[in-house]
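Below is one structure, written out as structure tokens; the observations come after it.
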Amino acid sequence: MEITRFVFSLLFLVMMTVGSSGSPNHWRRKRVREPCKKLVFYFHDIIYNGHNSKNATSAIVGTPAWGNRTILAGQNHFGDVVVFDDPITLDNNLHSAPVGRAQGFYIYDKKEIFTAWLGFSFVFNSTQHKGSINFAGADPLMNKTRDISVIGGTGDFFMTRGVATLSTDAFEGEVYFRLRADINLFECW
Amino acid sequence: MEITRFVFSLLFLVMMTVGSSGSPNHWRRKRVREPCKKLVFYFHDIIYNGHNSKNATSAIVGTPAWGNRTILAGQNHFGDVVVFDDPITLDNNLHSAPVGRAQGFYIYDKKEIFTAWLGFSFVFNSTQHKGSINFAGADPLMNKTRDISVIGGTGDFFMTRGVATLSTDAFEGEVYFRLRADINLFECW
Amino acid sequence: MEITRFVFSLLFLVMMTVGSSGSPNHWRRKRVREPCKKLVFYFHDIIYNGHNSKNATSAIVGTPAWGNRTILAGQNHFGDVVVFDDPITLDNNLHSAPVGRAQGFYIYDKKEIFTAWLGFSFVFNSTQHKGSINFAGADPLMNKTRDISVIGGTGDFFMTRGVATLSTDAFEGEVYFRLRADINLFECW
């Protein structure tokens, strides 16, 4: 009967494991929030201001009625839509060799303070990374750090999900800013 | 041999449980669709029309060639891009204390009837909720209810996914509308 | 002891299966990447150019300072924002009966070559499909194929995720293009 008792203990263990790996009726995950992949990048945005067409990596393409497209609008730029194709670097130097491009848009969306809404991708095509990471979310950019969602990915980042913590690493007037993105992926396929 | 038969029955049970909790080669979930979290909010949109700059919570920032930015365009506003920062309330009263902000954009995207495409976040920073819920999807706004996707979240809503059912709770002309959002989250971490 | 050995083998098998179906502390899935649903559609985009208002399914609604809204801008259309409501067909014929609508926007986002960023939905309301599939991602449209993310869905596509491979099936000047979308869903509820 020793064996039988042992077998039952094992069975119990197995069933506990099964139980904790996914509740059967909905997907409440009580996992340790430990990323399956961590990445840090910087990206650099130079807004077109009428005089820097050679260097500009972004441009205002929509404004409210009171705005124009060569200078960010009053009221904390509320309503300005900016399209960008920014170089991604591994360190905080604009002139480092880019490892990819940050492409998409942001919209300033509050009159009282600076906040933005972002929809964009990191696009990689290097020996190190191939594929894209897609992001969306609110960016209350006056906060030291703010979290946006990683909503999907392709290639090396197939089906990924996670959270990216953005911080403003530097800015110069209203023409240049540099963001640091600490990407923590919690779903890796 | 009684014990052996019993052990086999148990094993069978365990294997069935494993089988239903996640097929090993792809992620076909046959779960009961029961939300892990349910939330109801209202948000209030007052579009800038050239005369209400103090109260307006949104503004037209893009239009087709035939439109302008102080009045929604003809052809069911096709092509109008609106940026918003709307108060979120717990009841349907515009003047209730806001519990957060709905921030992002919508685009009217059909000539024949009113439909829109939405990309926005609910941003909370109160004692009750901290963090954001991110949404995207089509809003065929003439339907009594319509579903959009919850594509991610941060803070209290870390990594969440789900569906939000929108309904137009009220509107006044083309300046004010109030949406009710019934948020059902099916992935909670 | 034969039976005991057999039971242990079975237990071992079960535990391996459990182990591979989900690591308990984070969500690193080592699954075979086999879709739970595969779909192929075509969609057709006719950009408004000032002369085709009857047939146009899309319109330029934002441009950089150097652009206008009846012709795509120079510099590879960088900064042009286009809103669309395109018919979806099962084959590559523009005149086939549409099975749904592709609704949303794209933004040309690079000065040196053609690339775009997409946010849109496939909206179905037919006997075959009811519901929507939501997409987001970078579209380096000079590549023969490119992957974007399926970030969510509603109705028949409730909570789905996956990858859509886009390819340009045809284009005529800068007014008409047809995309083929090979949709592979890897999460089906």
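Lettered A, B and C in written order, each chain numbered from 1.
Rule of thumb we're sticking to: a residue touches a chain if its C-beta (ideal position, glycine included) is under 8 Å from a C-beta of that chain, and two chains touch if they have at least 3 such contacts.
Computed from a predicted structure; not experimentally measured.
Student: Under the over-half criterion for shared residue numbers, do copies chain A and chain C use the same patch or different patches to meet?
Tutor: Chain A vs chain C: different; shared/all numbers falls short of half.
Student: So what angle, to the nearest 5 degrees, turns chain B so that its CA atoms land on those of chain C?
Tutor: 120
Student: Taking each chain's centre as the mean of its CA atoms, how far is chain A from chain C in angstrom?
Tutor: 19
Student: Would you pick out the residues of chain A that each touch at least 2 other chains?
Tutor: 7, 11, 14, 18, 21-22, 29, 31, 33, 61-62, 81, 119, 136, 151, 186-187
Student: Going by the contact rule at the top, pick out the chain C residues touching chain B in the complex.
Tutor: Residues 3, 7, 10-11, 14, 17-18, 20-22, 29, 31-36, 48, 50, 59-62, 68-70, 81, 83-85, 101, 103-105, 119-121, 123, 131-132, 134, 136, 151-155, 158-159, 186-189 of chain C touch chain B in their complex.
Student: Can you tell me which positions in chain B touch chain C when the two form their complex?
Tutor: 4, 7, 11, 14-15, 18, 21-22, 24-31, 33, 61-65, 67, 78-81, 107-111, 115, 117, 119, 136-138, 140, 147-151, 161-163, 186-187
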